[in-house]
Each structure stands twice: as structure tokens, then as C-alpha cells.
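Chain naming follows the written order as A, B, C and D, and within any one chain the residues start at number 1.
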Amino acid sequence: MNYCVGIDLGSTTTKAVVLGESGEVLGRGITNSRSNYEIACDVSVGEALISARFGLLEEALAAEGVEADRRKVQLEELEQGFREEQYRGDLRELGSVMGRLLEAGTYSAQEADAVTCVLDKMEQNAGSLYGRGKSRKSDFFRDLAGGEYLELVEGEAKTRALSFDRLVGLYDKAILEVENTVAHDESFSSRIKAALGRIPEQDALLAKAISAVVAMNLTKAGSVGTGYGRQTLPFAKEDIRSEILCHGLGAHAMFPNTRTVLDIGGQDTKAIQVDGNGIVTSFQMNDRCAAGCGRYLGYIADEMNIGLHELGPMACKSTRPVKINSTCTVFAGAELRERLSLGEKREDILAGLHRAIILRAMSLLARSGGIADEFTFTGGVAKNPAAVEALRKLIQENYGERTLNISPDSIYTGALGAAMFAQREWRRRHCA
Amino acid sequence: MSANRILELVESAEETYRDMSLASVKAWKEKTGGLAIGFMPIYVPRELLHAQGVLPVGIMGGGDDLEIIRGDAYYQSYICHIPRSTIELGLGGQLDCLDGMLFPAICDVIRNLSGMWKFEFPEKLSRYLDVPQDFTPEMGGEFYKSELLALIADLEKRGARPYDKEALRASIRLFNELGGIVRDLYALRRASPWKVPTAELYCLQRAATIWPVEEAITILREYHELVLADETRTPMDQARVVLAGSFCEQPPLGLIKTLERSGCYIVDDDFIQVHRWITRSLDVEGDPLEALVNGFLFDAMASPTRYCGDKTKGTELVTRVETAGAEGVLFCAPSFCDPALLDQPMAVASIEKAGIPWTAFRYSENNGQFQVIREQAGTFADSIKLWSGV
Amino acid sequence: MSEEKQVFKDDSQLRQKTMIADHYSRLAAAPDTGEKSVYTFVPGNLTELIRNFDLLPVLPEINALQSAMRGKSKEYIAAAEREGHSEDVCTYVKCDVGMKRAGNVGPTGERLPDPDLLLLSYTGCFTFMKWFEILKQEYDCPVTMLHVPYQGEGEITDSMRKYVVDQIKQKIIPALEKASGKKFDIDKLREQLRRSAQAEDDLVAVLESAKNRPSPIDAYFGGVYYIGPIFTAFRGTEQAVDYYRLLNQEIQERVRLGKGPVTPDGEMKEERFRLVVEGPPNWTNFREFWKMFSEEGAVCVASSYTKVGGVYDTGFRHDPDRPLESLAEYCLGCYTNLNLPSRVDTLERYVREYQADGLLVNSIKSCNSFSAGQLMMLREVGDRTGVPCGFVESDLVDPRYFSGSNIKNRLESYFQMIEQKRGGVQV
Amino acid sequence: MTKEQHDSLLVAGIDVGSASVQVVVMRDNGPAGAEVLAHSSERLRRREPADVAQTTFNSCLEAAGLVATDLQYIATTGEGECVPFRTGHFYGMTAHARGGIFLAPDAKAILDVGALHARAVMMDEKAKVLGYRMTSQCASGSGQFLENISRYLGVTMDEVGPLSLEADNPEVCSAICAVLAETDVINMVSREISTANIIRGIHDSMAGRFAKLLRSLKVEGMALVTGGLSADVGLVAALEDACCSKKGNISVTTHELSAHAGAIGAAIWGAFRFRKLAGKGLQLGVGAS
């Protein structure tokens, strides 16, 4: 079957959306951006195809008459198992890279031993990360393994009186290499089969459906890339579309009545006005200063040593947001510390920080022409409930009642737009 | 007892100017049925407005309380803060009780704001008040007079009382009195800065651009008498400094307090210049319009917004430092303020020549963090204190 | 403008380059020949009057932009900032101060003479006043100021005109007489103004040729070359008359042949977008910037920057019969001396008359006079005309504020937006 | 306390920064000079500054073989207002200037490079501050920024300096914003620029900024680098280059105790104040816990 793919190479994450021949979304994939852009793109497309196959699998099961509830259980278990397989694979790779670095570098036997210990523990813990109903701090190997490594190695460093910084440095070096070498090319089939072996809910029907899906041929018919902040995108010039247009079109596809789109990503914020056909009529974006973008929240989460997705819920508990002025990303941590030392409550500070970010976005929105009905919020930060709440409030205060659309897939908006451009191009060529 | 009363006066002043909805102006309008016209910092001939029964209302930006949402849609990031907060106030309806705005010739930003006002508030009076940079009566004077006449006509068209010589004389008398009190307070602060903390003086002066002149006179006079008599205010070991550069966009009150706390007595400044722009009492004998013009031409304060002609930049600042017995200068200008920042190197040259120490920093009206400034001002005060006389 | 690599091969261009180079040589030789120089500004300047006394005008703004084109501005600005000039202020001033420090070497590599008079024509920009206050500290020479009031209410009133004329008569002319040691010659001035008007007619014809499709000129990037002579030292001279006649002939020929504009990379092939541009260009990366347009087939058909010196296309001409009055009106009428409503009207008219696909604002960090209010102007013109409006930011001469990738990204999005809106090719 | 006892004072200086706390215990002999008896430092690592200050202070005292009541003055600087047992507080630049003169008597200026800010302070031989410049509210070119980048590159702060010295072809890092610069760096990695060259590029761009601070003060002569980043030999080397490359005669140096300059200066000022106040008959209590 033919598919078209759109790839959004963002500053923090790379997203891919795969569309089927009639324009339906087959799958979505995401990975963290890294210095090897091509690998980032390949991984995200790979992930999107995996999710596409899972989708197809569900269809196949449905066609076999498996009822919805059971399908859900089976698929979830299967997917968790699949992820665990992936994780273990990456962990092995990490182990071998670290082993090499340990040998090549100036590391002591003590240090090598500590690392081996930590890696072993991580291997043992892998199983507990995955399973039905489990959720993780992040979906990216870098963060997941990094968080755990840091925690474990701190203990090791203390008991063995080793330099914590050096051991962290080793991980940072290794992960860079791991990320930029493995292009998740291990086949879907071997992993899904291993995952199948692992789950209790398997049966013949499932095995059959899996074989069918594994056998299915997916052929790329077109691709369009977008992305900002990088001088060189790994796409041919004619396959690149402006991010602004992709976001406009993507938002339009999700919510056809959208007239205003706000996208807050890792390093940039965009305010876009679109017409009834998803065509951009005006836009504004931040310039030269990344204050108040998603990365800012990343620093804050790091500072507090919690996951990004925990930040918003914590801020939502606030009753009295603190007024924050500086949204310089790099100062974020300092600001947080200072406020804490002044005795302000964590959630109140966080609420203030979120409001500050949204205030900046409000300025851009105003600059681009205000907020029309309907309004769609996209980008990674749209996943953050505190940001959404602040936005909702500020819109209400300044523009009155507006329909605010947020899709759980909002982070894929740009990639969706790109995929639609790819699809249009393919149709044009196909029909001609 | 008197300490409480002082506090009360200062608090009510702070409340008045922080009240972005201009409740006191609304009350005045209700009571008198007169027009109220806003004006941007530095200088406008308030006497003229008063004589026509109009309440001049100082609009000096949105301060640190106002969240900017639409204002940024009007100004790029590299433009100072005051125009964006002013337009934010306008669009937010807080200035609705004003029947118009006057934009004196301060700089290109304010100049262009006058045009934006015409777009956004077409139903209101909005006038760019050009002031001469030629200070001869036959050229600059004539031109300024024609600007004043045009203003008079505009106000009349809006329903203000027709221009009347006697009324203008009476208004000039009142504003002379207000100006006199402010000058007295400045003199007292120069002599005994612990008696007149700048943060207090600032609040009172600022509110005095909003209060009707009669009320301002009463309150400032009372304050003056109270602090003079207050024996509990005693000197501390602080450095005496002149502050320069804050003539348009105003620093947040917290900044002024930070400077004082970090060990500086501010003994002269250029805040809220409208009260001191004309440096002496205006003539009440001859043609009062002529008196306004002559005051502007011959007796106005030096300012970065005023052409210095043949004089050397900064000499006036040196004189102020000497008059105030100050030990140093703090250049405290708004970020992106072209007039202040372009002036600074010239002023620095003059004061360095006179051997006066200085330091410089920038702010914007909505700054909330003062550590860096505290550190700088503190070090400056430290160095004056540790080394003065050594 | 002379340092730019040879992009125009037309006669007019060569002529222009020679004119300007000659002027700089003459300035360089001034200390020896005894010719005297007057520093003054571009907007609404009094070139005819200055040359009436055989004085040579020097325009610090032009020096600054030339320095930028020659890649010197970064170092000049750094020198000025080291001396305590703020990062926040107009970079023209800093570039000029830095150039002075580096020996006041002009664009042709020859030293510029010190001024015999600073003629501060305070028109359309507050910074001018500060600038000459600074220069006054640098040079020990007389200074005279012409204060030109702002058209706050959108018109030139009698009292404004009188104020300016009075200053010209009572201050400027005496100052020029004193600096030159010559008497003012009104008949000569009338003759100069007649020539000004003649050149102005040709210039307007050139600028208006952009109403053709395809436009034979780029009225922004190319435009800055066209306005060079008339806004700087040559208005009122026979040379200017010749140059503009020649230029106009060439352009009319291009119209006849249906040719598009000449760009840094030769003739533009296809005219895909017609734009009106508001705001000055960036000089440090002038060609790179231009290329971002020409490569996409975007032509600027009208621009406000080419009216900074003075606005001619609404009918103003220097008038030999009202010499001082028309000089005053010229000063009062330059683009940055218009109030915002008039500027919006102008841009709207351009969009309509030149059948533009869009309005693009290049917002210049340095220049509050231009920039404060541009965001609102953009929306207003967009609302009135319905064309898509774009916005980019850069600086005149400070390379730190030219982010090529950022601007390119915005421009590409903008062009794609216009295209999409047309329901055009790509989508 | 008798007059002659004032000739020799025991004092402590505590510099509470945004990233770390430095403590010194000194013997100050007035005009006869002063010596550092012990010094310690501790990174904050998200802990309460006051607590870290207390523990660092304790371990420093221990190293000096003293107890708190032996001290005549405990001086704080930086964010030292959070230290409840201080005797007095001095502003950061005043303290750094004094510490700078102590460590390098010929220094004409110090350049204090910490986690968030850099400041250049020019002083005379008596440590009187003559002028200073600081980096702005924007964090580009701060220690924190360097830390983030090295983390991304997998280089520890200890390795940064030596690595930077290995650079053969530094890559210019242009972005003004620290966050956008991260993108720049990622771009560089993707263009296979070596880690050494990337780091040196960042060092160069930071050094350029700092040199500008020094030059705008019109410093002539030696500048001592203080603060946490003084330990970064790469940055110091880059600074040397940046200060030499353009005209102006600034030389750059550093000292093994550079990171403690603020604490040292505060301690010495503490002794100075103690004598001055004692001269007026005032006695200060040392409220150590």
C-alpha cells in the first residue's frame, strides 16, 4: 500500500505523520531531535510506520471478529512488550558504547566497575518500566535511560567515592553516539514476535493477524519535510514547505473552523492566522530570543528533577500565581531557586512561569492579528495543562469567549500539514 | 502621629497614580463636568488647560502592575516600554475617561504614538504638541505660540471653556505655587535627604500630575510641613548621588527604593519633570501666553530632549551635582531610550572632566528584579563610602 | 553606493558611480583646494542652498551606510560602544563615531575633510539632534540648526512654513555666508531649483515605471541607487539633470522591451511577486537580502524608503518662483516627517496603484523614526487592501542584527503565503 | 580585646553564589598583610544556600583548626544576606576587587565569571572600585550556558578547559541567544566539527564579550579572572587571545584561589570594618551557630 509522509524536524523533537492513500492518518511517530538529522527523520518515520502497523493490526483483529475490549488489552500488552524490546536493544547498544569508551578513555577500574554495576541494574529494571497501565517519564530513550543512570550512578559514586561529574560525562558522551548511530532498523517483525512471546493474552488469531500485518508492504509515495532552526534540512528543496504553512494546514485539517493557530515548540513560538481553506493570511514568530518557549519548561523540569509532563499538573494546583517577569530560558532555574528561597510556594511559582510564557505568546498573537474564533493551540507545550489553563484564562480576559481546540496529537500538527502537502503533490502527479 | 499622617499622604499618592482606572479623574469629571486630557511625560503647558477648565492628567506609562498583551502588537521588542503600556491602557479602556491625549515632542516614539492614537481613538482629541528647538522669540517663540493657539482652538472645539487672559493668569499663579512647593521639597531633600526619601517624594510628585492643582498644592504643602517638623527622621551613612536619565519612562518604585536601600541618597533627579520644567515662577503681569512662551524659551530645564544649542552638554549636570553637594551620578535610563542613551556619553564626558564618579544602568518600567541594580548601586555606594576623603 | 560590486551595466549606473566618486575625491582634496564642507542629513536637506555658496555637502548617514557595505561597520560600532555608546541606540550614529575614530576615511578610501559647518537639519528624526550634538563635541566648528516641525496633524500649516523659512533666512543663510565667505545669490538659487525640478520629473517617471508589468525596475533595492544623487550632493546640479534624463531613457527602453529589473545576478526572469516595501534596507548584507527576493521572483514595485529625502510623487517640485518656501515645503514633506495616518495612506495608495501582491515591512532596529508604529501600519494597510502583509526585522548597519536564516525563513513563508492565497502553483 | 590583639584578626568570608558557595578563613594582620588559613567550596546542586553555607563554613573552620567563636568578623558577599550568622555584608564587586588585589597585587581589574553573570571591575591598588561593567539580563555567554552545552557534548566541566586547548580550527558560534546557540551547536555536531573546536568557539565568543567589558572600562594592564570559570583554562586562554588581538594592552591571569576571590575580599573588608568600628569603640558580636 502507498503512503505519504510528512516530517517536522523540530528543535527538540522530530515528528512524522504517515497518510494512507485516501488521506487518512495511518500512524504518527516522534523522537527527540539530535545532531544527525537524517537519523532523527528516519527514526521518526520508522516510529510512525510502527504505529501504522499497530493500527493495521487492530483493523485486522477487528476484521477477524475480535471484540473491542479484548483487542484493546491485547494491543496494549503487545505494544508495551514491543517498547520493552526496543528499550533493551538500545540499552545493549549503550552498554557496548560505554564499554568501548571505558577502555579507550582514562577511566579507572573502579569507575568501569561502577558503570557495569549501574548498567546491570538498569537491565534488571527494564522489565518493571513496561507493562499494562505503566507510564514513563518520557518516551525517549535518552531521557529514560539518562534519568535512571543519573540516579543509580549518584549512589555508586557516593559509596565508592568517585567523581559523579565524570561518570555523568561518560553517559553524555555515550548517548550522543548511541543516538547518532542506531537508526532503529531492526525489523518490526522480529520485535513484535518477541513481544508476542512475552504477553499472556496471545492466541492464534493474534498471531495470524500479526503475520498478515508484518507481511504487508508499505511503499513511500511521497514525502515533505518542514522544520525550523536548522540551516540544512535533509530534504530536497522541492520537498520542503515552510513550517508556518504546515502548521496552518495541519490545524485546519484537525479543526476545519480554525482561524487562529498558536504553536509553542521548543525554541520558537508562532502565531498564525488562516482562512477557511487553511491558507495562512498572516503570521508572527519570536526572533533571536527563545525566552518563553518550550525549552524553558524543560530547564525548569530539569531543575526540579521531574518529568516534563509532571510540570503542568503541579502548576495547576496553584491558588495564587506569582508574577514573573523574566522568561529567559537560561535564567529559568535561577529564577525558580530565588523565588523558592524567598519562601514562595513551588506551585505558585510554576503557575507564574506558565503564565509568563503564555503572556509572551499573547503578544505574538496580538501582533499577528488577534485571536479569532476558532482558535487552535498546537506544539509540544499544548500538552501542558497549566499552559493551556493560563491561555484559556488570558483569552477569556482579553478576547472574550473563544472556542479553544487542542488535540491530543497537537504536537504532530506541523507534520500532518507536511504530509498533506506530500499527499497533494502525489495526487497531482498521480492524476496527471 | 505625624509619621502616620506622612505615611497616609504618601500612600494615597501611590494609590492615586497606581490606579490605572483613573478613579480620581472620573470623580473630578463627575463633579465638575469638565474635560480631562492626558499628557505624556516631561512637559505640557498645564496652565493653559487649567485656564480652559480642563484637567491635565499625567499619563506616565503603565508601570509594573500592567500586563502587556496587546501593546506588543504595536511595538517591536527594541522599542522602550512606555508607549506599549500606554497603548495597552488605551485599548484596555482605562483611559476612556480622558477626552484626549497630548503628545509633547519628546522623541520619535512618542511622536509616532500620537499618530497611532489617531487611528485607535479617532473620536478623541489627540494632538502632537511640537515645541521649538529654536529658542529665539521671533522664530521659536512665534512658532510655539502658534502651537499653543492651535491647542486652544482644539480644546475649544471639544467644548472647553474659551480662552481668557485673566483665567490664564490665575492658572499660572496656581501652577507657580505648585512649582514653588516642589522646588522647596527638592531643596529640602538636597539639604537633608533623610527628611525627604525619594520614594516618597516620587509618589507625591507623580500623583500631583493627576490631582487637580489646587489639591496637589494642599497635599504637598502639608507633606512639606510635616517632614520639616519630623524629628524622628535622622541621617544615615549613605552616599549622595544625582540620578539622571529617567525623564520619560518612569522606573518602578521598587527600583527607587532599591537604590535608597543599597546605600544611596538621591539628592537630585529628573523624574516627573513637568513640575520643574520651567525653573522659576512665570510672569503674571504681561500677556500670559507670552509668559508661557518665554518660560519655555528661557527658563526651561536642560534635558536630552532639548537642543543644547551652543552650550556644552553635561555642564548643567555638573552644576546640579555641585549644587546638590552630591558625590556621584547614577545614569538610570530606560532600555532603548534613544534620547537618554545618546546623551549619556556626552554627559559622562563632562562629569568625568569634573572628576565626578558615576555608574550607569538601564531599566524598564515593568522590571521586577533589582538584584543586579542593587549590586551595582551598592558597590557604587560602597566605593564612595569606603573611599571618600581617602 | 559605489562600492557595491558592479551589478548594473547600464550607462546611467556608470555615470552615477563616477559622479559620486568624483564628489568624494573633491572632498578628499578639499583641505588642499580650500573648498569648504558642510555636514548635514539626507531627509529634507538643503543641498541647493549649500551649493549656492559653493560649499560641499557631506552626509554622515551615507558614510555610515557605505561603511556597512564595505564591511567596516561592525568594527566602527564596536569602537563607539567601547566609548560608552549604548547597544540600544541608532547604529548610524555609532558607525559614524567609530569611523571618525578610525581616521574619518570615506567610502573611497580617502580621508573626509573636517566640517566647516554643521548644518543640523532636524527633520523627521529626533536622533539627528543628538547626532550633531555629539559631532559638535568632536569638531571645533560652528553649528546651526534648522528645526523642521513635524506634520502632526497631517498637513503643513502656514506657521510651520513661516518658522522654517524664517530660520533659513535668519539663521541658515547667515551661517552659510559666514562659513563660505560668500554672499547668498537668490538668482543662482532659482536656477538650481529649476534644475532640481527637472531631475525630479525624471526620477518620478523612473519610479512610476514600476506600474508596468513586468516592472522594469526594483524600486527598493534598485531604487536606492536611483535616489542616491538627488538625495545627496547633486540636487540642483547639471550633472543630476543629465543623470536622471539618461536613467529615465534607459528605463523607458526597458519598458518598451518588456524587460524586468536588473538584479545582482543579472536580469530577473519571471516576475512572480510584486511588493511594496516599507522601511529602510539593511546595508551590511544588502546583496544577500536582495537575492532572497530576486531568487524568488519578487520585485519591489514601490517603497517608502526611496522617499526619505523627499516625496515627489504626490506632486511636490522645487519651485524657482517660491524659492525659500519650496525649500521649506521640501523639508517639511519628507516621508519620516509625515504622521502615521499619512504614511498609511501612502502605502495603501502604492499597493493599489502599483497593483502589488503584498506589503512587506523591514523593521529596522536602529530607527525609531521609521519603526515605531510599523506593526500597526502593517495591519491597517492589510485591512484596507486585503493583501497579505509580511514582516522582517534587521538593522541598517549593525551586522549583529541581520540573521540571514531567520529572514529567509520568514520571507519564504511569506512568499508561499502569497502564492497559496492566489490559489496558485504549488498547492 | 586589647589594642595589640587588633593587629591580628581572625576573619571569615562567605561568598554565596547562584551555583556554589565559597568560604575562606583568614588571618588579617592589618597593614602587615593577610593570609588564607583554609578555604573550601561546595556546589549548591539544588540545595538551600543557607544550609550549604553553614556546612561549608563548618568544614572550612575545621580545616583551619578553629571554632566560630575564634573569629572576629564573618563577612558575606553575593547572596550572603541569607546567612543568619554573618557580621556584615559587602557587595559583590567591592569584595571581588579586594580579593583580586590580594591574589594579584598588580591587577588593575578583575573579571568575575560566574554561573549567570560576568562582571568586569576596575580598581586601583587600594582596591577602590573605579568602574565596572556587567553582562546584561540575557544569559548568553554565561557559565550556565557553557555547562549546558558541555553536558550535551558529553564533556565534564573539568575536561572543558583542556579540551578547548586542543582546538585547531575553532568554529565561530554566532547566535546571540544561549538557547538558539544550542541549536547552532547541534548544527555543528551534525557538520562533524570536533568537540574541541566547538568548545573553543564558544569560549571565543564568551571571551569576546568579556574582553569587550574590560575594554569598555579602558582597563590597561593585568586583569585577574575570578569566579567559578577561572578554573576553565580554555576560557582563560581564549580571553588572553581576545584581549591581545585588538589593540589595547590587557593581560589576563588567574590564580588557584581565584574562585575564592569574593570570599577573600569580603573577609579582608570584614577585618577593615572591624578595626574601623573598634576604633570608634564599637564591638560586634559574632553570632555563629
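Everything that follows uses one rule, which is that contacts are C-beta pairs under 8 Å (C-beta built on N, C-alpha and C of every residue); 3 or more make two chains touch, one makes a residue touch a chain.
Note that the structure is predicted; figures quoted are calculated from it, not measured.
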Fill in the blank from the handout: Set A-B beside B-C; more C-beta pairs touch across B-C
Exercise for the section: Could you grab the centroid distance between subunit A and subunit B? Build each centroid from C-alpha atoms only and quote it in angstrom. Expected result: 52
Fill in the blank from the handout: Distance between the CA centroids of subunit B and subunit C (whole Å) is 36
Fill in the blank from the handout: Note: subunit C sits from subunit A at a C-alpha centroid distance in Å of 49
Practice task
Please work out the Cα centroid separation of subunit A and subunit D, and write it as a whole number of Å.
Solution key: 39
Handout entry: In subunit B, residues with contacts to at least two other chains
Key = 73
Practice task
Mark out which residues of subunit A touch at least two other chains, giving numbers and ranges.
Solution key: 231, 287-289, 326, 367
Problem - Multi-chain contact sites of subunit C, meaning residues that touch two or more partners - result: 83-84, 375, 393
Exercise for the section: Please categorise the chain-chain contact pattern as a line, ring, star, complete graph or other. Expected result: complete
Practice task
Note which residues of subunit D are touching subunit B in the complex, please.
Solution key: 90-94, 117, 121, 126, 128-132, 134, 137, 269
Handout entry: Of subunit D, residues touching subunit A in the complex
Key = 18, 44, 46, 48-49, 82, 115-116, 137-140, 142, 144-145, 148, 151-159, 175-180, 182-183, 186-187, 189-190
Fill in the blank from the handout: Given the complex, residues on subunit C that touch subunit B span 83-86, 88-90, 93, 122, 125-127, 129-131, 133-134, 137, 143, 145, 147, 149-150, 152-153, 157, 159-160, 162-163, 166-167, 170-171, 339-341, 343-344, 363, 365, 368-369, 371-376, 380, 393
Completion exercise
The subunit C residues in contact with subunit A across the complex are 375, 379, 382, 388-389, 391, 393, 403, 405-406, 409-410, 412-413, 416-417, 420-421, 427
Exercise for the section: Going by the contact rule at the top, pick out the subunit B residues touching subunit A in the complex. Expected result: 67-73, 77, 366-369
